[in-house]
Amino acid sequence: MRPSGRANDEMRQVTFTRDFTCHAEGSVLVEFGNTKVICTASIEENVPGWMRGKGKGWVTAEYGMLPRSTHSRMRREASGGKQSGRTQEIQRLIGRSLRAVVDMEALGERQIMIDCDVIQADGGTRTASITGAYVAMYDAVQKLMKKRGLKRNPIHGQLASVSVGIYNGEPVLDLDYPEDSNAETDMNVVMNSGDHFIEVQGTAEGHAFTRTEMNSMLDLAEKGIRELIAAQSAVLNLD
Amino acid sequence: MRPSGRANDEMRQVTFTRDFTCHAEGSVLVEFGNTKVICTASIEENVPGWMRGKGKGWVTAEYGMLPRSTHSRMRREASGGKQSGRTQEIQRLIGRSLRAVVDMEALGERQIMIDCDVIQADGGTRTASITGAYVAMYDAVQKLMKKRGLKRNPIHGQLASVSVGIYNGEPVLDLDYPEDSNAETDMNVVMNSGDHFIEVQGTAEGHAFTRTEMNSMLDLAEKGIRELIAAQSAVLNLD
Amino acid sequence: MRPSGRANDEMRQVTFTRDFTCHAEGSVLVEFGNTKVICTASIEENVPGWMRGKGKGWVTAEYGMLPRSTHSRMRREASGGKQSGRTQEIQRLIGRSLRAVVDMEALGERQIMIDCDVIQADGGTRTASITGAYVAMYDAVQKLMKKRGLKRNPIHGQLASVSVGIYNGEPVLDLDYPEDSNAETDMNVVMNSGDHFIEVQGTAEGHAFTRTEMNSMLDLAEKGIRELIAAQSAVLNLD
Amino acid sequence: MRPSGRANDEMRQVTFTRDFTCHAEGSVLVEFGNTKVICTASIEENVPGWMRGKGKGWVTAEYGMLPRSTHSRMRREASGGKQSGRTQEIQRLIGRSLRAVVDMEALGERQIMIDCDVIQADGGTRTASITGAYVAMYDAVQKLMKKRGLKRNPIHGQLASVSVGIYNGEPVLDLDYPEDSNAETDMNVVMNSGDHFIEVQGTAEGHAFTRTEMNSMLDLAEKGIRELIAAQSAVLNLD
Amino acid sequence: MRPSGRANDEMRQVTFTRDFTCHAEGSVLVEFGNTKVICTASIEENVPGWMRGKGKGWVTAEYGMLPRSTHSRMRREASGGKQSGRTQEIQRLIGRSLRAVVDMEALGERQIMIDCDVIQADGGTRTASITGAYVAMYDAVQKLMKKRGLKRNPIHGQLASVSVGIYNGEPVLDLDYPEDSNAETDMNVVMNSGDHFIEVQGTAEGHAFTRTEMNSMLDLAEKGIRELIAAQSAVLNLD
Amino acid sequence: MRPSGRANDEMRQVTFTRDFTCHAEGSVLVEFGNTKVICTASIEENVPGWMRGKGKGWVTAEYGMLPRSTHSRMRREASGGKQSGRTQEIQRLIGRSLRAVVDMEALGERQIMIDCDVIQADGGTRTASITGAYVAMYDAVQKLMKKRGLKRNPIHGQLASVSVGIYNGEPVLDLDYPEDSNAETDMNVVMNSGDHFIEVQGTAEGHAFTRTEMNSMLDLAEKGIRELIAAQSAVLNLD
C-alpha cells in the first residue's frame, strides 16, 4: 500500500498552467501532485562563445529550489556561493534531455535558456521540471517562429519524464517524497513520443536490483510517460 | 499622467495569498499589481553563533529574483557564485525592518528566517517583500506561540513599506517599473502602524530633490502605508 | 550631553590633506575628528563594457577598511574572499552620490575610479568618504581638463555628506562611534551646494522616529553640509 | 568495425597495479587500455559532522583529471576555483556505488576517502575509477581489519563498472575515446558480483534508443562486468 | 649612476612613525623613501584551532596594497575575490620572518596579527613591511607584557630586511621602483641583530648571477640591515 | 648520520621516464628517491591577453599534489575552491625558473604550459618538479621545432634544482621528508649549466644561519645540480 493510497501504476494529478508569469517567452507552472515547479523558457539571440559562427543554436537549463520549498529550510545556494553537485547534476540532465528533441540548425544561432525553479517539493522535482520545461519551450518556440519567420519547427516530437522505483518490494510509478526517501531503488526515465529512451538513470539505494525489476520499472515508466505526453498534447492543443 | 492611468496618490491593487506553499510556518504570495513575491517565514530553533546563550532571538532575511522574473533574463546568482550588491542591500533592509517590530526576548533563543523570492517583477519588489513578509512572519509566530506555549506575542504592532518618487516632475505613490526606470527621485519608506518611520531611503536619480518635494513624498508614503496596514489587518483578521 | 562634549549641532574638526599620496590623479586624506579616510580618484581612459561607444563617462567607487582601523581587528575582506554587504552598500552609495554632480557627456568616454580606504574609524566613515572623495575627484578632474584639453568642467556644483541621529532622545549632528553605536536613529544625508538632497538614508535602530524628529535631523544635516561645503571651497580655493 | 579492431563484446586489456604509491592504505593504478587512473583509499578515524555519534561509517569519493591527461590541455580545476558539474557528477557516482557494498555498521565510526585521479584518458574514466577504487578500498579495509581487530569484513561482495553504447548502429562494450565521442548512445553500468544492478545511467547522444537496444547493451555490460570481477578476484587472490 | 643619484651602498631615508593609528596595540608608519607602509600589530587572546591547548603562541601576517598605491590603479583584491600569488608569498614571508625572533612559549597561548598595508609604493614594500612590522610588534608586546604581567619578553633580538640587486651590472642596496623594474637580479634579505640570516630570496630577472655577485649583494644587505637595526633601536630607545 | 644513511653530499637516486603519458608534447615522470612527480609540457598556440601581438612567447607553470601523495591525506584544492599560498609560491617559482632558459622571441607567440603533479611526496617536490619539467619542456620544444620549422632552439642551456639544508648542525644535500621536517635551515637552489644562479631561497626554520653555513650549502647545491644536469644530458642524449 502506497502512503498516498495510489495504485502502483498510478500517477499523481498533473497540471500545466501556461503563461504563469508574464515576461518569459514560455512560462509554465507544472504540478505533479504537491510538487510545483515554475519552468520558463527564454529565447536569447546569441550563443555561448564556443558555438559562435556555426549557424547552430543551443538549449541549456538551470535548476533551483526556493529555500523553503522543502520540509526544513535549505541553505540558499546564491548565498552559499555555489550550486551543489545535486543541482548541477539535475540541470545538466534537463538541458541534455531537451536538446534531444531540438534541431539546432533549424533553431539557428540563438539559445533557449530553461529555468526550472521549485517552489514546493514533494518528490520528483527533476521529472516534473523536464516535463514542464518541454511545454514552456514549446510555447517559446511558437513565439519565436512567428517573430522571426522560421519556416521549420526546430522541435521534433515530444518528451516527458517520470520517476519509478522499488518501494516496499514493489515497482511503483511517480514516487512522492515519503516513497522517494524510503525507496530501495529509484529510477528517472526520459522518453520521447516515439516510446524511445532519452535518459535512464537508475540507482540502488538499499539493495541492488535485478534485471526483472528493471524491466518492471521500465514498463511503468513507459505507461506514465505516455500519460504525460497526452497531457502535454491536451494543454498545447496538439493531436 | 502616469503610464498606468492611476492617480498620483493611488496604489496598485494589493493582495495577500496566505498558505501559498505548504512547508513553511508562514507562506504568503504578495502582489502589488504585477509585482509578485513569495514570502516565507521559517522558525528555526537556534540562533547564529554570536547570539547563543543570551536568551534572545533574531530575525534575518534573504532575497532573490527568479532569473526570468524580469523583462530580459538576469544571471542566476547561484550560478554566478555570489549575490549582487543590490541583493545584499535589499535583504539587509528587509531583515532590519522586520526586527523593528519584534521583541527579541519574547521570541526567545530562536530565529525567524524570512525568504522573499520575486517570481514576477514590475517595480517595488523590496517594498512588496517587506509588506508581505510581515504577514508571513505573523502567521509563523502565531503557530510558534501555540506550539511552544509562548505567553507574550513577540510581534508588537504592524509594519508595511511603499515606494514614492518624483515622476515627470510630480510626486507619485507606488511606482511600477515604467515609472521606476524613469523617475527623477525614488524613495522607499517603511513605517509602523503608529505612523512612525522605520526606514527612509531616498535617492536622486536625475535631479536633486528639495525639502518640499521630500515632504510631498513622505505624505504620499504615509497614505499608502496606512492602506497597506489596513489590507494586512483585513487578511489577518486584526482590528 | 554628548560623550565628546560637543553641542548638538556641532561638527567634529574637519580637515582635508590634498596630494596625500603621489600616484593618484587626486589623493586626499579626509579627517572628521578621529575618523581618517584616504580618498583617491583615478582617471582611466576606458569605460565598462556595457557603456562603450556611447560617448559618455562613468564614476564608480570602492570602499575598504584596514583590518585594524577599528577597535578590535576585523577580518581582511581580501583574505575572506568577498566584500561584506555593508561594504557593498557603502561603495554603491559613494558612487551614486558622486555621479549626481558629474556630467557624463562632458567627461567623455572615460572612467573616474574612486577608492575610499579607512585607516582609522570613529563613526561616520561613509559620510567622510563622500565628502573627501569629492575633493579628490575635483583635483583629478582639474588635471584631466588640462591634460586632455576639456573645454567644459564635467563637475557641476559641490556635494558633501554628514550623519545625523537621535542620541539620548535629542537630535545630534555628525555622530562619532560612541554615539553611533548607541543612537536610536541614524541618518546619512548627502546634499549639494544648492541645498538639495542627493541621498537620505534613515534607519530606526531602537525606536521608530516621528516626522518631527526627521525634520530636526534634516535641519541639522543642512547646517553641517553647508559647513562641509565651505571647508571644501576653502581648501580648493573656490568661492 | 570498431576503431580499435576489437569485437563488439570485447573489453580492452585491464590491469591493476596494487601498492602503486606508498602512503595510502590502498593504492591501485587501474588501466583499461590507454585509460589510466590512480585510485587510493584512505582510512580516516572520523566521520562528517552530520554522522557523528551514530556508530556508523561512511565512504565518499573525489575525482580529478590531470590537466594534460587529455588530448588538449584542460583547465586545472584547483586554479579555476571550482569543480565542474561533470566532476561532481562522477565523484558522486563513485561514492554512491562503493557505498552499496559496504556495511557501515561493521565499518564503525570512520570514513573511507576514495581519490580517483586520471593520469591518462582514453574513454571510460569513470568506469575504470569505480572498478579500480574497489580494489584500493579492499586493500585498505584489509589493513584496517588487522590494525583495529575488526571481526567482520565491512565489504560484502564485489562490484565493477563498464560502459556500453551504440556505435555505428551496433551495441559495443567498453568504449574508448574515439567511440565515446561519436556514440549514439552511451551507458555506464555498475553491477555487483551477484549480477545485480547498482547503477544504470544511459544517455541518448544522437538518437533515442529502443528497449531492444537497451537490452543488448545490458547483456554486454553483464558480460564485461563478470570479466572485471574475475580480474579483481585474480589480483586480490579471492576465489 | 642610480636614478636617484644615491651611492651603490646608500639606503633611502628611513623613518618610523609610532602610534600612527590609535586602535592597534602597535601601529607604525614606515617609510623607505617614497615607499610608505602602515604596519599594525594586534594582540588576540586566542590561537588558530590547530594550536589550541599547547600553551604556545603564534605570529601571522597579512599584506595588502591600496589600489592606487601604485603608478596605475591595481584591482582591489577584496572585490576580485582572492589574494594574488604575490600577496600570499609576501605575507607568508613577513609572518615567517617575525616568528624567527619570537619565543612562542614566552608569548603564551595568544596570537600576534600583523597587518602591512602599503599606502604608497616605490619598490621594496616587502622589506619595509618586515622592518616596520618589527617595530609595531615590539610596541604591542611591550603593552602586552604590562597588561598581562609577562615576566619574560617573548621577543629575542631584532630583525630587519632590505633588498639588494644587480642594476646596470653593479650591486646596489635598497632598490627603488625604477631600479627594481629594470634590475637583472633582485634579492630580499632578512637578518637579525646577530648578523645571521633569517631569509634569503634571490631571483635572476634578466641574467643568471654568479657566486661573486651573490657575495657582493650579501655584503650590501648586511650593511643596510645594520643601519636599519640601528634606526629601530633609536626609535624604540634600545641600546 | 642522515636517516637514509646517505653521505652529507649524496643525492638520492634520480630517474627520468620520458613519454610517461601519451597526450602531452612532453611528459616525464621524475623521481628523486621516493618523491615522484609527473611533469608535462603543453604547447599552446596562443599567449595570455596582455602579451598578444608582441611576437614573443611565454612559459608558465601549475603545480598540484594528489590528495594522498602525502603521509596523511590533504584536502583536494579543487574541492576547497582555491590553491594554497604554498601551491602558488611553488608554481610561480617553477615558471620563473624555466623562463630563465627560454628565449621568448625564438619561441614565437605561443605558450608552454608546464604541469607538475606530485603523485608521491618525500621531500623536495619543488626541486624535482623544476628538474623534471626541464626535460619535459625540452622534449616538447623539440617536437615544436620539427612541426613548425623553427630555426633556432628557444631553449638556451640547461637548468636544474636541488634542496640543501642544515640538519643536525651539518650541511646536507637533497633533503628527504624526515630531514626536511626537522631541518634548522632549508634552501632551494636553481642553477643553470653555466654554474650561475637562477633562484636562491633560504629559510631559517629553527635558528638563523651564518654566512659560513650559507657558503657550505651553496657548495653542496652546486655539486648536486651538476649531477642533475649530467643526468638530464644522459637521458636527452645531449653532450
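Chains here go by letter, A, B, C, D, E and F, matching the order in which they are written, and residues are numbered from 1 within each.
In the analysis below, contacts are C-beta pairs under 8 Å (C-beta built on N, C-alpha and C of every residue); 3 or more make two chains touch, one makes a residue touch a chain.
Everything quoted here is computed from the prediction, not taken from an experiment.
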{"item": "Any chain that touches chain D and chain C", "value": "none"}
{"item": "Reference chain E; chain at largest CA-centroid distance", "value": "A"}
{"item": "Far-end chain from chain C, centres as C-alpha averages", "value": "D"}
{"item": "Turning angle required so that chain B lies on chain D, C-alpha fit (0 to 180°, nearest 5)", "value": "120"}
{"item": "Length of the line joining the C-alpha centres of chain D and chain F, rounded to whole Å", "value": "33"}
{"item": "Rounded Å distance, chain A centre to chain E centre (Cα mean)", "value": "59"}
{"item": "Inter-centroid spacing, chain C versus chain B (mean Cα positions, whole Å)", "value": "28"}
{"item": "Geometric centre distance via CA averages, chain C-chain A, whole Å", "value": "51"}
{"item": "Touching two or more other chains - residues of chain E", "value": "81-82"}
{"item": "Cyclic ordering of chains (reference chain A, direction chain D)", "value": "A, D, F, E, C, B"}
{"item": "Touching residues on chain F, where the partner in the complex is chain D", "value": "21-24, 27, 34, 36, 38, 40, 42, 44, 62, 64, 66-73, 76-83, 87, 113, 115, 117, 119-121"}
{"item": "Residues of chain A defined as touching chain D within the complex", "value": "82, 85-86, 88-89, 91-92, 96, 100, 187, 191-192, 194-204, 207-211, 214, 218"}
